[in-house]
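Just passing along the structure, written as C-alpha cells.
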Amino acid sequence: MNFMKFFFKQVVLVNGFVCKDPKVVKADDFSLSGLDMPGDTGNKLGFNVTPANVNQIPGLNTLGISMVRIDYVPKGLHPPHTHPLATEILTVVEGQLFVGFVTSNGEDGNRLFTKMLKKGDVFVFPQGLIHFQFNPGYTNTVAIGALSSQNPGTITIADAVFGSNPLISDDVLAKAFHVDKKTVDWLQAQF
Amino acid sequence: MNFMKFFFKQVVLVNGFVCKDPKVVKADDFSLSGLDMPGDTGNKLGFNVTPANVNQIPGLNTLGISMVRIDYVPKGLHPPHTHPLATEILTVVEGQLFVGFVTSNGEDGNRLFTKMLKKGDVFVFPQGLIHFQFNPGYTNTVAIGALSSQNPGTITIADAVFGSNPLISDDVLAKAFHVDKKTVDWLQAQF
Amino acid sequence: MNFMKFFFKQVVLVNGFVCKDPKVVKADDFSLSGLDMPGDTGNKLGFNVTPANVNQIPGLNTLGISMVRIDYVPKGLHPPHTHPLATEILTVVEGQLFVGFVTSNGEDGNRLFTKMLKKGDVFVFPQGLIHFQFNPGYTNTVAIGALSSQNPGTITIADAVFGSNPLISDDVLAKAFHVDKKTVDWLQAQF
Amino acid sequence: MNFMKFFFKQVVLVNGFVCKDPKVVKADDFSLSGLDMPGDTGNKLGFNVTPANVNQIPGLNTLGISMVRIDYVPKGLHPPHTHPLATEILTVVEGQLFVGFVTSNGEDGNRLFTKMLKKGDVFVFPQGLIHFQFNPGYTNTVAIGALSSQNPGTITIADAVFGSNPLISDDVLAKAFHVDKKTVDWLQAQF
Amino acid sequence: MNFMKFFFKQVVLVNGFVCKDPKVVKADDFSLSGLDMPGDTGNKLGFNVTPANVNQIPGLNTLGISMVRIDYVPKGLHPPHTHPLATEILTVVEGQLFVGFVTSNGEDGNRLFTKMLKKGDVFVFPQGLIHFQFNPGYTNTVAIGALSSQNPGTITIADAVFGSNPLISDDVLAKAFHVDKKTVDWLQAQF
Amino acid sequence: MNFMKFFFKQVVLVNGFVCKDPKVVKADDFSLSGLDMPGDTGNKLGFNVTPANVNQIPGLNTLGISMVRIDYVPKGLHPPHTHPLATEILTVVEGQLFVGFVTSNGEDGNRLFTKMLKKGDVFVFPQGLIHFQFNPGYTNTVAIGALSSQNPGTITIADAVFGSNPLISDDVLAKAFHVDKKTVDWLQAQF
C-alpha cells in the first residue's frame, strides 16, 4: 500500500504494490519475526540469506532500505555477486568472515580490497561492485547486513554467467574467459 | 575522499570530505570494529547509540546508508526522536524492546503504532516520523539498526524543544503545550 | 492525472492519483482561489493554515512544490512542528512574526535560531527541523509560505507526543521529559 | 556554507559555495528583508522580479526552494520564459493578472492554458514549460511566487532567441519563424 | 510493464505503463529496428527526428535514457527548441552540422555557443537550454543523438510561441517581441 | 568547471572537477572529435571502446549522459560486463551484432535475453545487469552507444573475478565456480 501517503497524508508512488486502506494498516505491516533463527545452509556453498525487505515487510515500500541475516557454515561462501541498485553495510554477530570487493576497470582498476572480520566488525560493499564473503573458520558465522534499497536484488556472477537460462553461447564465454569451449561447456555443466 | 570516483573511475560529489589519493585507499577505510561491545549506558535514560556512519567509516561517503548498535539497560529508553533525512530498520539481537512511531497530522493522523519486539524481530521507523524504543524487561537489550543515509542526524524531541540553546521562550512553549509558564520553566529546568 | 505526461507527452509517476483524460484537463486544474481570505483562527492557538497543495490543485502532482497562507491573531502561535519531507520559505505580508528553528543533536547541536520578522521579511525553515512562528504583536499577522513538496505533511510536536491516538505510555514520556507520570498524565489531559 | 551539515551534523554538498564556520552562522543567513517594497518597473515591459534565492539567502543552499516578488504596472508583462530546473507556484497579492503556459510538442501538443487571476488566486507553471504573466488592468499588480529550486534560473524566450550574444544567424531564425532575413534582422534590432 | 521489477525482482514505478506478465517479456521489448533508414524530411524545415524512446521501446521504462536519429536535407534546420527534462548528446554520422545553444538570463547571460560539426564530431546540449541544429552544406546530414530521459519531450520555440492552440494574445507577443500587433498576427499566420 | 552554474547562473555541485572561469568557457568544452575513426581493435578480444564522457568533454559534468563508439572485428567480443551506475542504449551503424543480458537472481531469474542486431537496430541494456556484444559476422561492426551517466564506469566480469589485483583466493573462486583450485589457478593465469 501507499504507506508514505499514510504516514504523511502524502501521496507517493506505490511501486506497483496493491494499495491497502490506511484505516486497516497495523504495526505488523512494519514488522517481521525470525531474524534470530539460522537459515538453511544445506547447499553446495554452505550459506543462506534470510531477507527482511519489502517482500516480507510491506511497510518498507518507498522507504529505500532493507535488512538481511546471513548464515555461513565453516568454509561457507557467499560467492561473488553484485546488488545492481544498493550499497551493503554488514556486521559480524557471531564467528569470523573474510570479505572482499573489486573496484571497476581503468588504470589502477580491478583492485581487490579484503579484510578478515571478527565479531563486531563492520564492512561496506559499495553499490554495483562485485563482492564476496567467506567463513574461513571452524565455527558457524552469522552476519546482519543492511542494503540501501527496499528491494536490492542480487546478481550472483557465476550463476548469471555460467548458469543462465538459456546458457550464454560457449563462443562468447570461451573468448571472454580465454579458455576453449570444452572448458566452458564443462564449467556450465557444474550449474 | 571521493570513494565513488575511486570505485568507478567516476567523479562524484565528495560532500565536503577531504579527498584522499586513491592510491592510498585501504580496506580499513570501509571498515570499523567494536559493534560487539556494549556502549556506555550510564546516563539518565539508560541507553546508548554506537554509530557506524561516514564519520567513523569514510568509505561510506556518498553511499546512502549507515548502521548503529543500540544498548538499553532494563527500563532504558531511546526517547522520542526523528531522523530528518533517513528511514530506520532495526532488529533485536538480545533482550526485548517496546517500540513505536506516530504518524503525521491530519484526519486520522497522529496515530501511534507500537509493538513489543523479542529477539529476532525487525521493525521499521519511516523517514521523519517521531519514534521511540523502550526496554520494558529486567535484562539488557541490544539492537542493530540501519539508516538510509550515510549520516542520518537525530533530533531528540525533548532536548530540541525544552533544552535548546538558547531556550525557546516560555510564551511559545506554554501555549504549545497548553500549560502555564511556570510548568514550562520547570520542564526546561530538567534539561 | 498524470499531468507531466500531459505537459511533456511524457509518462511519469502519478503518485496514486486517479488519472484524468488529457483531453479534458483545464486551466482550473492548475489553479485555486481564496488565498486572500483570512482562515478561521478561532482555536486555542489562534492560528490557521490555508493550504494550496496537490489535494486542492491536482495539477501540482509530481511537481514538488506547494503554497500556504498562514493567519495569526495577536499572540497567535503556529506551535513547534516539522515537515518530514520539505523545506519551508515564508514571507510576512501583514503584521509581525517571531520565528525560530532548532538544529539537530550533536556537539554544538540543538541550537535555536530566532528572528523577529516585519512585513516584507523572508525566512527559511530547513527540511525536517523543528520550527515555530509566533505573533507577538497587537494586530493580526498574515504570511505566505512555500514548501518544497506537492504535499509536505506536518507533524505538530505537542500533538504527536502528548496527543497521539492511542496515547504514548506515561512510562515513556515521564522518562523522556524527566518528569513524573502524574505530570505526563496531566499534560496529556490538555490534548 | 554547508548549512545542511550544520543543521544535521550531516555532510552534504555545498554546491560550490564557500563554506562558513558553523560557529558563526546566524539567523540572518536564513533571512532577507524588503519583499514588501515594489521593484523598479521602469523598463520597456513594465515588470520587475525581486528574487529571494540562494544568492540573497545563503542558508537556502541545498534546500531546493526559493521565492520571488513580481511587480507589474498596468499592461506590464513578464514575457514568455521558462525555468529550466523549476516549477513555479504564484499567488496574486494585489491587482489582477492574466497568466498562461503552453504544453510541449506532440499530437494534441502546444496547447495554451490561460486564466485571469484576481487577488488571492493561485496558479502553477510546470517545470520547463513556456509561460507568461500580463497585467491587463489599470492598477499595479503584485504577485508572490515560489520556485522548486534554490536558484531556478530563467530563460526569457525573446531575449535568448533574438537578443543572444552573439546573435543567432538570420538564416536559422528566418527559417525557424517562417519569415525573411530582413524581418529577422529587424526583430533582432529591437533587442 | 514493470521491467525494473523484472530485471531485479525489484518493484519500482511503472510510470503509468500497462504492466505485462514478466513470463511473457521478450528481447523485442528492449529493441527497435530502422534507425538506419532516413526519416521523411519533406517538410518546410527539411529535417526529421526518428525517436527510439519508451513509446517505441517499452523496456526503456524507468531507465532514464533514449535515442534519436535526425536527418537534415541541405539547409535543413532543427529549429530552436528545448527538452524540458533532458540533456542531449549528439554525434554527426554523415555530412556536416552547425549547432548552437543559448545560456540563461543574467549578467553575462544569453550567450550563444556555436560550432560547425563534421562527421565524427560530438556536441552536448545541456538540459532546458534553447538549442538548434542547421545543415549548411550541399549534402544530407545524419546525426545520432541520445537524451537523458526515457521520454524527453520537446518544445519547439516558434511553434509554442506563435503556433499554440489557441494562439497567445497579440497584446502579449507584441510587447514581448517589441513589435506591433500586425507583425505578430502576420508571424502567427505563418504557423 | 561548474557548467550548470554557467548555464543557469545556478550553483550546482562540480563533482570534484576544477572550476573554470565562466568567462573563458568555450564551445569546445561541450565538444569532441573523432567518433568517426575506428578504435584500435588489436587486442585478444577484437573490440575497442572510444569514450565521449566527462573525462573527454568537461561540459558534460553534472549532465548525466555520455556516448561511446564501439568497434568489433569479425568474431570480436565486448565480454560480459556491467555499468554500476548506468543503463546503455546502443545502435548498430555498420555490420551485425549478437547482444544479450542476464536478469538478476530469483525464481524465474538469471534469464538470458539475446538478439541478433543488424544495421539500424537499437538495443537496451538495463542498469547493473551483466551484458555482452559479439560480432558473429565476417565484416567489422561499428555501434554507437549512450549511457545514462556522465561517467558510467565499467566492470568486466572476467577481469574483475579472475584478473583482480591482488587475485581473489582460489578457495573462494573454486567454490564459487564449482571447480578445483587448479582450474581456478589456470583460469587466473589467462589474465
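Order as written gives the chain letters A, B, C, D, E and F; numbering starts at 1 within each chain.
One rule holds in what follows: a contact is a pair of C-beta atoms (placed from the backbone, for glycine too) under 8 Å apart; a residue touches a chain by one contact, two chains touch by 3 or more.
This structure is a prediction, so every number in the text was calculated from the model and none was measured.
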item	value
Chain at maximum distance from chain B, centres defined as averaged CA atoms	E
Pair from E-F, D-E or A-F with over half of its contact pairs in common with A-B	E-F
Whole-Å gap between the CA centroids of chain B and chain D	39
Rounded Å distance, chain B centre to chain C centre (Cα mean)	24
Multi-partner residues of chain F (each touching 2 or more other chains)	7-10, 13, 84-85, 104-106, 127-129, 153
Residue ranges of chain F in contact with chain A within the complex	44-45, 75, 77, 79-82, 84-85, 98, 100, 102, 104-106, 110-112, 127-130, 132, 134, 136, 153-169, 171-173, 175-179, 187, 190-191
List of chain C residues in touch with chain D within their complex	3-4, 6-10, 22-23, 26-28, 30-37, 52, 57, 59-60, 63-67, 69, 87-89, 91-93, 103-109, 113-115, 117-124, 126-129, 144, 146-148
